[in-house]
Structure formats: C-alpha cells, structure tokens
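Two complexes are shown next, each including chain A; its partner changes from chain B in the first to chain C in the second.
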Partner chain A sequence: MVRDIWTVVIKDLKLDIRRAENFFSMLFFSVTILLIFAFALPQKQSTQVDILSGVFWIVFLLSGLLSLNKTFQQEKENGCIEALLVSPVNRGAIFLGKMLGTVVFILIVQILVIPVFGILFHHSVIENFSWFLLMSLLAALGFGSLGTLLAGLTSDIRFREILLPLLLFPLIIPLLLACVRITQSLLAGEGILGAGDWLRLLVGFDAIFMIVSFLVFEFVMEL
Partner chain B sequence: MNPNANPVTLLSVRNIHKHFGYKQVLKGISLDLHSGKSTLLVGRNGAGKSTLIKILAGLMRPSNGEILYRKESIADNPEKYRKAFGLITHATMFYGDLSARENLLFFGRLKKITDLNEKVEHALLRTGLSHASDLTVKVFSTGMSKRLNIARLMITDPEILFLDEPYSGLDLESIDLLNKYLGDFKSKGGTILLISHQIDACYDFSDKVAFLIKGVIEREIESGNLSQSELLEQYQNQTYMRPNE
Partner chain C sequence: MVLIGLERNSLRVTNGSNIHSIFNTLNLQRLFLKDTALTLIDRIMSFNKISRLLGFAVLIGLILDVLMIFAWSPTDSSMGWVQKIMYIHVPSAWTSFLSITVAFLFSLLYLWKRREQFDIIALSAVEIGVIFCGLALITGSIWARPTWNTYWTWDARLTTTLILFLIFSGYLLLRRFSEPGDQQARLSAVVAIIGFLDIPLIHLSVVWWRTLHQPSTVFSPKQNVIDDQILVTLIFSVSVFSILFLFLLLNRVELERRNRLYMKTVMTVDE
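Entry: the complex of A and B
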C-alpha cells in the first residue's frame, strides 16, 4: 500500500510542478490577504497576539481551499478519476496519496508565507519558525484529510466551489480553534507546551479524520 | 491448447438494479460473460448501457444484485477483480499534463505490472505512438488518445474488457489496430463486453448480441443467428423492441 500511496503522491506533485499556476495563485492569494490585514488592522491592535493568530489561520484556511479545489479538478479532467478508481489498489491508498499531495503543497506555500507574516506583523514568528512549521504540518494533516474527503464528495456537483467551503468550514472549527490557541501561546512566548490541551485536541482531530476519511473514501467515490 | 475450446464463465451478473432517486435505470440485468467470447450490447441512448458498464467496472454501486467474478462476489476481493479487467470509456482517462510514457508508467505501477518499462516501450511501438511518447497528452488528437488507451490495455493485460464506444473518434487505421488487438485478446481467452453504435466495425468479432431496452435485456442472440445486415436493419428501425414500445 505504501508503494501505491507514493505513486499517487509523486504523480500529484509532478502535475503541480507542471501546473505552476496553482502554486503561484495560492501563494499570491495568501500574501494578498496578509497585506489586506496589515493595512486594515490598526497598528496598535495589529501587535496583539489574539488577533494575529486568528489572521494567520484564516489565511491558511482560505488559501488551503484553493489547493483542495484543484486536487479533484485535475482528476475529473478527461475522466482520470475513473482510471484511478478501477486500478487494483485499495481506495484508501488513493485517498492517502491525494491527501498527502495536498499536505505537501500546503506546506511548501506555508514555508514562504510564515516569513511574510513575520515581517508584516510579528518578528517573533521567525524565531519560532520551526514551531510554526510543525503547527502548519499538523493543521495541514487535519485540513487535508477532511478537505480531500469533502472535495471528492463534491467533485461531481455543479456548485462545488461554493459547497465545499460550506461543508468544510463548520467541521474544521475545532482544528481552527486549537491552532489559534496554540499560536497565541507561541506568540506570547509561552512555547507550544503552554497550550498542551489544544495540541492534544489538534492531534486527536488529525487522527480521527484521517482514519474516518480513509475508511469512507471508497463509499464516497462510488455512489 | 486452444483456450477457447472449453469456455468458462468469467463474469456473472445477477439481477442488477439501479435507480437514481425515483428513476429506475436498470431493472434486473442478468448476464454471463465467457472466456474467449465477445458480447455486443446494443440499445437506444438512455437505455442504461453506460450505467451497466460503470457498475461492472466498480465505479457505481448497484441498488440491488450481485456480480460474480470466477464464481466469487467482486465485493469479497475488489482489488483482485479490478486487476482482471480493462476499461475504455468515452473519456480518454489520461492526465493531460503528463506525457504518454508517464501516463502509461503511472497506471502500470498501480496495476503492479512486472517489466513495466519494456512493456510500455513495446506498447508504444505497437500502437504507433513511439514518436509522441514524450509529448504531453493534452496535445494528442482524439485518435492518438484512443491509441494510447489501447497501449494501456496492452501493458495491463486484462482478462475482461469493458468497452464503451471504443470506436468513436477513430480513423480506419486505428479501427483496424483496435480490432486486431481485440481479435488477439479473444483468441487468448479474454472476454469482451462492448457497447457501440458502430455495429459494422465490431460485428465480426461479436459472438453474442444483447439488446438492452429500457433497463432490461430483452433478447440475447448468438451472432451466427443474425446477419450483420439484419442486425443493422433492426438496430436502425428499432424493430428489436417490443411492439408496445
């Protein structure tokens, strides 16, 4: 199964490299939202950790949505999803491959967005770069698991670009809440362990949705 | 030994129903597919032919009924079953931003094909696509994409073929290539279920013709009992339908 997952991940990354416009549109979108917040928030408030951690993760969610939209769009073109689904591999492996492809894509964008966020708002972000990256990985795993499942579910629906966030955002609230609280702890200089309960919630969210999505993906794709 | 001397039932379709909401598309389809035999499925647009192929390929769940591959339910070991069949549909089913070779290698890896590189080169050569193997598939014509589909079937070497309008968009040379491949496939004991409106192109290697009418297989005829011209005439005039339809 690991080999099948790897095959799908490599294929997705190869497609992402060939379609660099996906990556650049996600990156520029993230930077644009950060700039809007930088201009919109009063200078005094913009230094407050409560607001900044919210801003960081809203940007993450909105730009992550772009990566989810493209993940099944390229499978639907020319009916590739059918060729993928008739392959003799566990469909859970297809799900994990597509999910991990999305996670890698999101992380690469985050590596570039985190310094921009630090420069615009809070220099301590750069000091905590590795923690922010770990947080982004954990958030991307949960977001990618639930998002890939829902993107697959809505891939045949006409208004999928609208329906996907409508389904995803309410379900992602626990993850968002945990990420915001952990980030507040990081920015306040308390370290990641200052929000240990939230960290456990985040890991639990990832584990639950990864397992559930792995198990139900087959049924979602075979309606 | 001739593999077709004693044909075995590779696939048994038992009482398949499919409904979308209140609309019943398939109403109790039962069909046996034997090794070394080819079945041509004909019917009007909307009769349920493509839905049946999707169900047989595991792309859609039937509302009711069972499919047996070598006497085992396909639900018991879906991966073993998926390794056994090949599929051609209306869509090309290739990634436009990958080259022809990359596409074949990707799908070959998923099918766990041994000696994959050699098989890919051989299939590209046989389908006349060696010169275009490094081009991205998005620049391929419809005919070239169909040839690439034949190349995929060659490397994956299935036992059963589900073909949904495989002749559409093919020039005469490509039709010959496909028919030669299908002839070889059958002679090695493979079984084919084919949907096509181009009856003249596929009649010669069809052993049985099944008429699908409003979600029901109304008639199954050995092709020896019905000449091509009779079939064409019935097909064009829809005289194979029941009088009250």
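Entry: the complex of A and C
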C-alpha cells in the first residue's frame, strides 16, 4: 500500500517536473493575484497587517484550485486515467498518492510565494516563514483531500472548471476560518497556540476529510 | 443483454396510469406484468390514493395552521406582529434540515444497494431541501429587518443555512451538468454525503466566528421561556410542514420516476 502510494506520488511529481509549465503558471498566478491585492487594497502599513492573513489565504485557495484542476486533467488527456484504474492498485492508494502529490506541489509553490508575499506586504511574514509553511501544510492536507476527491468527481463533467470551486469552497469554509484565525494570532505574536481551539478544529477537519475522502473515492472512480 | 437489462430496470420504476397507456401502445405490457409484486402493491394502495390523502391532510393542516397563527396564538409583547413570521421561518429551516438528512441517508443507501429508487429519492429530497432552505433565508431576512434593524447579519445559524444552501445548490448543478445514469447517481451521492458530514464542522466554526442570534428558545433548559400557546402553534406548524415535505417528496419522486421511464422508453424504441 505504502509503495503504491509512493509510486503514484513520484509519477505525478515527475510529470510536474517534466512539464514545468504547471508549476510556473501556478507561481505566476499567485504573484499576479498578490499584485492585484497590493493595488486594490489601501496602502497604509497599519491596515495591511489586519488584512494580511485574509489575503494570504485567498491567494492560497485560488492558486490551489489551479493545481487541483490539473490533477485529473492531465490523466484524461491520453486515457491515462483508465490505465491507472485498471492497474493492480487499490483506489485508496491512488487517492492518497494524488492527494499527497497535490500537497507537495502546493507546498513547493508556497515556499516561493511566502517570501514574495512578505516583500510586497509586510516584513513580519518573512520572520514567521516556518510558521506560514507549517500552516500551509495543515491547510493543504484538508484542501488537498476534499479537492482531490472533488476534482476526480468533476473530471467527467461539463463545466468542471466552474463546478469544482462551487462545490469545494463552501465545503472548506471551516478550514478557511481556522487558517485565517490562526495566522492572525501568529502575526499578533501570540504563537500558534494563541488560537488553540481553531488549531484543533483545523487538525480535526484534516483528519475527518482525509478519512472520508479516502473511503468514498472508490465510488467516484468506478470504471 | 444491455437492452434487456435496461428494459427490466425501467420496468422496476413503473406505475401510474399514463405509463400503462404508453406501454400498451408500444406492446410492452407483456414485460410490464412481470413485476407482479409492485403491481400488487399498486392495486392495494395506489400512488394516487396516498398522494390525495396526504394532500388533503396538508390542506386541512395549513388552514388550521393559519387560523392558529393569526387567531389563537398571542401576539408577542416585544416584537409584535412581526414575530408571526417565526411560524413559517422555523418550520422551513426544520424542513430543509429534514430533507437534507433524508437525502444523506438515501445517498448512503444508494452507494450500498445501487437501486435507482434510492437515487431518485435523494435527488427529490435535495430539491425540496434547497427550496425550503431558500424560504428560511428569505423569511429570516424579513424577520431580521424590524428586529435586528438589518436584512443580513453574519449570525451563526443564518450563515450555516446559507452555506448549506450553497452546497446543495452545487449538488443540483452537478446533476444538471451530468447525464442521468449510474455515474451521475454515484457522484451526487458522494457530494450529498460529504456535504452532510461537513454541516457540524461548518456550524461549529461559524459559531466561534461570531454569533448574534437569540439562543435556541424552544429547546433551552429554562422552562416557561415561551408561552404554551406559541409553542403549541409552532409544533403544529412544524408538523404540518413535515407532512407537506412528505407530500412534495412523494410527488417529486413519482414525477422523476415517470420522467426517467419515459426517457428510457424513448431510448429503447430508438434502438
């Protein structure tokens, strides 16, 4: 099982490395959104601290959506999804592999986006780099679980680009709220335990939807 | 084989007189009679009979409900006449949660047993749930304007209801964008299940986020918070709405069954 998951993760990451356009499009998309926020929001340093965590997570969600869109689309192109499904690997392993691949991909992009974010908005972000990365990991686990499930679910359907965010965003509102609150307390200097309840909610959300998505994925991917 | 399977499948979802005539003209009645068990149930208690009975109950219930709301239950001392909208708002919210629960259960059943009937019930329940969710939101806004002096507040229960409305509107869009069949049924069942499981988390997070709503009065441990007459009217109203839900569900299920049967018959004839 672990080996199967590993194989799927490595396969996806290899594909991503060979077609660098996925990575760069996501990176430049994130930076572009950051620029738009920088132009659209007030310039005063004091207000920028208040809206910092909100902007960060909006950028996270929008760019994360791009990486979800690609997970099953590139499989569809040459009928690879059928090959993957008939291979002697159980659906749970395919799901976990795809999910972890997405998480790693999101994290690599975040490593580059967080410094840019700090430069454009506020220096405190760079000081808290490792915390921001940890929060991105926790968010990516829940986002990646539900996102991979729903990306697989909508992969056969017309208008999937619009349907995926329509289904996904309302479902991950608890995750978004928790991330915004924890980041706020991080930036306020209270540490990650300053929002202990929210942290528990976030970890619980990740755990619940990882398990649920793992269990129902086989119904989504029937040949 | 596929063709026979299709026909048999479509026959299972049959009853109702219009369908009989279609089958007669297509000379398929021979096949139709195979499903004797269902035909027998049909003879004892037809869909029309149950539907008419429920419809009658709903009609009487709604008339009584209106009388109770406006003539019997006392007018609230602080909120005045405005408070009467509660007898529509609370039952609507209740009915929407009831339908979503029904949809969740039948989605699980569908994934387990794979019977088309369960899929039809889940779809019908979600449609009714979304309508009542919308009603609860609208009546909530109307009620909030005079009492909280705003049409919309980010109160916990209102926000949860709004998110619920969005999730299950997404469900209906998914239905709209995919072709009827086993795949559509599976995918929508999965969405209904994760949507339902998400509700407690959404509610918890939104409660922590902010709250302004009056604490739930009906189920609060303190006694005599609300007048007996108001409580009785509210419970009666909720019961009437529940019967209305059953009535709507039954009719929507029957409509969907006939519609799908019709589509399948047309397809079979084409082939």
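Assume the second predicted complex is superposed on the first by the 216 of 223 C-alpha atoms of A that agree within 3 Å, B and C clash if a C-alpha of one lies under 4 Å from a C-alpha of the other, contacts with A are read in each partner's own complex, and residues count from 1 in each chain.
We adopt the following convention: a contact is a pair of C-beta atoms (placed from the backbone, for glycine too) under 8 Å apart; a residue touches a chain by one contact, two chains touch by 3 or more.
Computed from a predicted structure; not experimentally measured.
S.K.: Considering only the touch criterion stated at the top, classify A:I108 as touching first (chain B), second (chain C), both, or neither.
M.R.: neither
S.K.: If we overlay the two complexes on their shared chain A, which of chain B and chain C does A:V212 touch? Say first, second, both or neither.
M.R.: Second partner only.
S.K.: Considering only the touch criterion stated at the top, classify A:I192 as touching first (chain B), second (chain C), both, or neither.
M.R.: Neither partner.
S.K.: Applying the document's definition of touch, where does A:L133 land relative to chain B and chain C: first, second, both, or neither?
M.R.: Touch status of A:L133: no partner.
S.K.: Which of the two partners, first being chain B and second being chain C, lies in contact with A:V220: first, second, both, or neither?
M.R.: After superposition on chain A, A:V220 lies in contact with chain C alone.
S.K.: Mind working out whether A:L85 is in touch with chain B, chain C, both or neither, as first, second, both or neither?
M.R.: The first partner, chain B, only.
S.K.: Let me test your reading of the model: by the given contact rule, A:E77 touches which partner, first (chain B), second (chain C), both or neither?
M.R.: first
S.K.: In the overlay, answer first, second, both or neither for which of chain B and chain C A:R158 touches.
M.R.: In the superposition, A:R158 contacts chain C only.
S.K.: Let me check the overlay on chain A: which residues of chain A are in contact with chain B and also with chain C?
M.R.: Residues 219, 222 of chain A touch both chain B and chain C.
S.K.: Residue numbers of chain C touching chain A in their complex, please.
M.R.: 111, 163, 166-167, 169-171, 173-174, 177-178, 182-183, 186-187, 189-191, 193-195, 197-198, 201-202, 204-206, 208-209
S.K.: Spell out the part of chain A that touches chain C in their complex, as residue ranges.
M.R.: Residues 146, 149-150, 153-154, 156-159, 163, 166-167, 170-171, 173-174, 177-178, 197-198, 201, 204-205, 208-209, 212-213, 216, 219-220, 222.
S.K.: Once bound in the complex, which stretches of chain B touch chain A?
M.R.: 57-61, 79-83, 85, 87, 89-98, 102, 106-107, 109-112, 136-137
S.K.: Inside the complex, what are the residues of chain A that reach chain B?
M.R.: For chain A paired with chain B, touching residues are 3-4, 7, 11, 14-15, 18-19, 74, 77-80, 82-90, 219, 222-223.
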